[in-house]
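Which chain is which? They are A, B, C and D, in the order written, and residues in each are numbered from 1.
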Amino acid sequence: MPEILRIKQLSAGYGPLRVLHEIDFTVSEGERIGLVGLNGHGKTTLIRAITHMTGWQQGSIKLDGEEIGGTRSLGAGRRTAALVKKGIAVAPQGDAIFPGLSVRKHLECGAHTKLAWRNRRRRIDEILQIFPPLRSLQHNLVGKLSGGERRMVSVGRMLMSDARLYLIDEPSLGLAPKISQRVMDALWALPVTGAMIIAEQNVSLLSGRADRILGMHAGRMRGDIGHVELN
Amino acid sequence: MTVKTYYKVRRRPWEYKLSPDGKVARNRLRLPFTRRHFLKWRDAYNPKSLKRERRLADKKPLWWTIGLLAFVVVTPFLSNSMISIAAIFCIYASINLLWTLIVGTAGIFSLATLAIVGVSGYAAAASNVFLGLPWPFILLVGPMVGFVAGSILAAPSTRLDGLYYALLTMGVAEICRVFVTQLRSLTQTNGAITQVDSFIPEDWFLQRPGLLLGFAGAFCLLLGSLLLWRLINSERLGLLLRTAKTGREDEAFAEAVGIDFRRARLTVFVLSSSALGLVGGFYAMYFKSISPNIFSLDQLLLLFAMMVIGGLGRAEGAVVGAAIVTLIDKGFIEIGPLRIILVAAIMLVVTIFAREGLTGVRDQFRDFRKRKSGERRAQRTEKGGEAMPEEAVEVHDK
Amino acid sequence: MFKQSRRLFLRSSAAMGVALSVASAAAALEPIVIGIPAAQSGPVGVADHQDWTNGAMMAIEELNANGGVLGRPLEAKIIDLDMLSPEGNVAGFQSLIEAGAHAIASAFTIIPQPAMDTAAPSGIPYVHGNTSTVNVDLYKGDPHKYRNVFQLDVAEKWYGSGFVRFMSDLKASGQWKPKNNKVHIVQGQISYTQLISQATQEAVAQTDGEWEVVSITDIQFPVQDWAPVIRALQETDAGAIMIDHWVAAELAAFAQQYAYDPVPGALVYLQYGPSQPEFLDLAAGAGEGMVWGTVYGVYADESGTAFREKYKDKYPGTMGMVYTGGGYDAVNILADAWESVGDPSNFDAVGDYIRNIEYRGINGFYKIDPETNSGISYPNMVDDPEAGQAHLFFQVQDDEHRIIAPSPFAETDFRLAPWM
Amino acid sequence: MDLGLIIYALNLASIYALMAIGISILWSSVGMINMAHGATFATSGYAAWFVSGALKPAIAATFGKTVMASVMMASVVMLSAVLAGAFCGAVIYALAFLPIHDKPNYSVRSLIITLALNIGVVQSLLWYFGPRNRGLPKVFGFGRWELLDTKIRYDQAGTIVGASLVMILTLAWLRYSRRGLEVRAMMQNAEGAAYSGISRQATALPVLMLTGALAGVAAALLSQTIFVSPTAGVIPLVKGLTIALLGGLGSVSGAVAAAILIGFLEAIVGVIPFLGQRYVMFATFSFIILVLIFRPRGIGGLLDNTRE
């Protein structure tokens, strides 16, 4: 299996303050990886560092064998858009949504490649298939939707363009158990090429479905912890 | 086996330290009626020599004293026009200090500063010219009107967001200007009130002794503004406000733990407004006249340029900026419009490169140096380079 | 003494390479400095001040070409005056006095008191064209203190009575038959325009019904669109319209819009603004037939025409009709005074000379009225055409300013405007 | 209230709206209060004057006094103003956005830089071109129509129609084009936009150029009624800013509504006998202050969702 993402010795943080310490891991084609850890132990920072939202000072990140961003990054989202275009699709924590756009328009925003833009109508229909509740809401403003629906829109937007790597940050956060279960079910059922990383606090939503589960603790990677209960 | 290199951690070897007698208890001066001290002396034992050392932790008061003393000593020997410029500088610097109190300490983005100066100046001048009050009352009427104007203006500040409030105050200034120029009784003089009585005797006006007297007055005004700045920022009020310096969440937090944040802000606003009223009265007396130009946008922008060049929110920024811009604007009138372009260019360059104006350059450079040394340390240590706590400074990252 | 001789040495050594001539001998002496405070960066008055500076520079160059004054060259010291604020006026005048100016020649300032107060203590001769009553009042308040502050022209209030006199004369001469006796005044908000409006209303009231002010419309600088004003003019349908505003560009905009929608048969009087060079360029033909006036304008007689030609040679394009001549005359008057007093540093002697001056310049005859320390206006104050500065009335004819009144100085007759 | 007054009000409103939506779009997408909008206005006016003056002989030589000549002249004026406005936008991008957009205090610092640019450009224009006003060639020609007993000047009609057309085009571009979608996404959530592959640096340039071009159009249109001068941009800037704020900074439809409101307010105050023209500014600002006191976020919140 070819490698999609290889992270070596990544240390990231805010200024001199380190949050992540020497993260090392690789993701191969077709893998679905769960990233578990308690609140504040670096899951979100890791995802933000990969997308250059948070600066990192040391290490290397390779996407498909190609170095992205050199050995350090200023963060601040300066290169995020460029990375997204290179094939990293992100559904960030807390739904980066556009409240004034309709669901359809919102999904269109995700079609950033030429191909996706040309096929955007068909794609949107496909995504509406994946998330049936959105079908009746497709002309409503996203700002007026409920939390679960917003999360679906956010994930749907992520899926609009083909990417090599999908990063999903805490899809169940703040949702009622039933709805979060439904979102997770849809996520695991996605027909995804490339690889996917789902960060999650609730390990029960991952176990049994993820190919691997990686643990994060105090800003360090705990390695593959398999399917053990984590507490 | 690798050879380890040790880096020396330096601790300000250049700093001058006093070595007091270790047996005598420390005797410190206090500001009257307060628990505050004039200077921030810090005692420590030198770990090597085990001697008691005393250093001044905050050297700003020292620099202030030296700077102001030099200024007041040198000015009387200058030419007439330079003395005038010095006096104008004092007036502008006072206005800017008080404005800084409003914008920086109280966190209310008001653009009505000059409007308050103008309204109180007009009221004070009118009380003298039309009601015949003798000149000492100008210094009473000014602050009173400033107090009222400040109270009225302060009311919407809690309701409106920064930018909207800024615009509202700009509108107030414009309304004042239009109103004054419309006043039929002032038509003769284009809306200006002239021939205001002054603390400068009529015969001395704009001549050597009068200029010096005027300068002395303006300098006292500047000292007064500095004192007010110091009192507000070091007293309870300033401490209260500093608990919620950084943003909305902090504000909510401060409110939640029982700090009446709004009240503190409004108090600072009204206090500064009263002081601005005094400046307005002084302005009318100093020039014996006051014109609607004080409400104009150009004048406001000039003052804003001063604060920006010096550094928004800092006392020294307000004064240094006022010095630079006043000197260019009033001192270089021979080069015509070029001088305004020069001011704009300085403003542009300072803002692009310095995040907090000229007086913030030192801090910015230190932050930069700290970050760099932190990064270097991270690179040469094997274990990822944990930052030392003292280096973990707040770096404004987006 | 030492300083002077050192400077002399420096100057002469600098001039070593140049062949010695009379002119360079004059240049070797300490120059006489004329301070010119001119607004260059402010929002108003920049064009007028430019005119004044141009006129003054022309006079200085001419005088220097003729060997200077008292054998000394003249030198202009020009500073950028912020004439709207007290501190700006004070700073400007102080710096001129300190730079060693021997006199100050200024077009005008908006708030005269700080400027006068700065100039007065030093006793420096300060000649200007403020055209303002405030000056006169200040002078009357303390004639000794302001003794050397001379307003070369007259206070603005004469514009009012002068205009009414002009209308009556024009009517009497039969060149214009007004369709009714109504006068419609459109007034700006600054003291200048307000005082002119008041004076006009008073003068109209004294005509016993020959004229009647029926409507007054207020405008506010800057006027973005004259449509509401033109509507008001249409509604009033007066026989004479006075646009009492001073910004040339806005008057040109008025002319353009008025050309679409004229009030038939009305005489349109634009007060002073069209004197500025830009009016004709901007109106682009729409100003045809409009009348304007000035109490301080360049004559079209022999000397005036010669001056106009010289000026146009030096500064091509449309010429300003007021302050060009004003600046030129002011410098010549100062030169006269210095020539006969002999010592430019003796301010009071120079002031005394100007107080008693009788000088015929290109803007008319200069004589200082001791009551007001300012000029005398013909025919408003005196009946002799050569005893004061004529209150000139111009009409735009064939895209040029032509003087149509008062009769001794008229170039041509009044012509009916296209809409009359 | 008759038709003439309505035309006058609409004329004012269309110029104000052109300025205000530029300021509004810029604030909500790039997060910048553009104080250099007035300088852009003045510069565009001068560019149109300069280019049309330079090309006048060539056009006269090629087309003579035909209709084609005036059409050419009109397009030269509009085009040069628009291009100059867009160029100013690019300069603002290079000075006030690129160096600091990811640095601390960006919003305040960009405001200050644009303010400095405004002061500097206005004084440079005054210094270089002198204080004299300049007249642009009449894009819509001289003359007027009589419609329902009301006289409508060509330039009034042209301004209203032209400005509306430009605004409709702008709004359509925002609504239907891909770039427009990106801009709208950025207006609503900058970080989310970055995650959608919309780069702030890449989008800010066209936005700044577009708003600059809008100011250029406004300059060319307003200069049909008044003239080009260095300080010509001051009033449009102040009016544009206040109207953008009244419209609830960041809301395009709010800005248009506010512009129409203020246009009519000014027209009506101007004809009320005891108020008249001299109280127009007074009334405008009082009205805006009143609205802000009762609706602290302007009137835009009524119309759509804006960026917080």
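Convention: a residue touches a chain if its C-beta (ideal position, glycine included) is under 8 Å from a C-beta of that chain, and two chains touch if they have at least 3 such contacts.
From a predicted model like this one, the values you see are computed outputs, not experimental measurements.
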item: Chain occupying the middle, per Cα centroid; value: D
item: Most distant chain from subunit C, judged by the mean position of its C-alpha atoms; value: A
item: Subunit A-subunit B separation of Cα centroids, rounded to whole Å; value: 48
item: Subunit B and subunit D: spacing of chain centres that average the CA atoms, whole Å; value: 35
item: Between subunit B and subunit C, centroid-to-centroid distance (C-alpha), Å; value: 44
item: Distance from the mean Cα position of subunit D to that of subunit A, given in whole angstrom; value: 41
item: Multi-partner residues of subunit D (each touching 2 or more other chains); value: 102, 123, 126-127, 234, 278, 281
item: For subunit C, residues that touch 2 or more chains besides their own; value: 40-41, 43, 189, 220
item: Subunit A, residues touching no fewer than two other chains; value: 76-77
item: Sites on subunit B touched by subunit C in the complex; value: 79-81, 84-85, 88, 178, 181-182, 184, 187-192, 194-195, 205-207, 287-291, 293-294, 296, 298-299, 330, 333-337, 339-340
item: Subunit C residues within the subunit D interface of the complex; value: 40-41, 43, 46-47, 50, 189, 217-220, 222-225, 227-229, 231, 248-250, 252-253, 256-257, 259-261, 277-278, 281-282, 284
item: For the subunit D and subunit C complex, residues of the former touching the latter; value: 4, 8, 11-12, 123, 126-127, 130-135, 142-144, 151, 153, 156, 222, 225-227, 229, 231, 234-235, 267, 270-271, 276-278, 280-281
item: Subunit D to subunit B touching residues, read off their complex; value: 33, 95, 99-100, 102-105, 108-109, 112-113, 115-117, 119-120, 123-124, 126-127, 234, 238, 241-242, 245, 249, 278-279, 281-282, 285-286, 288-289, 292-293, 296-298
item: In the complex, subunit A residues that touch subunit D; value: 51, 53, 74, 76-78, 80-82, 84-85, 90-92, 95-101, 105, 108-110, 112, 117, 141, 143, 157-158, 161
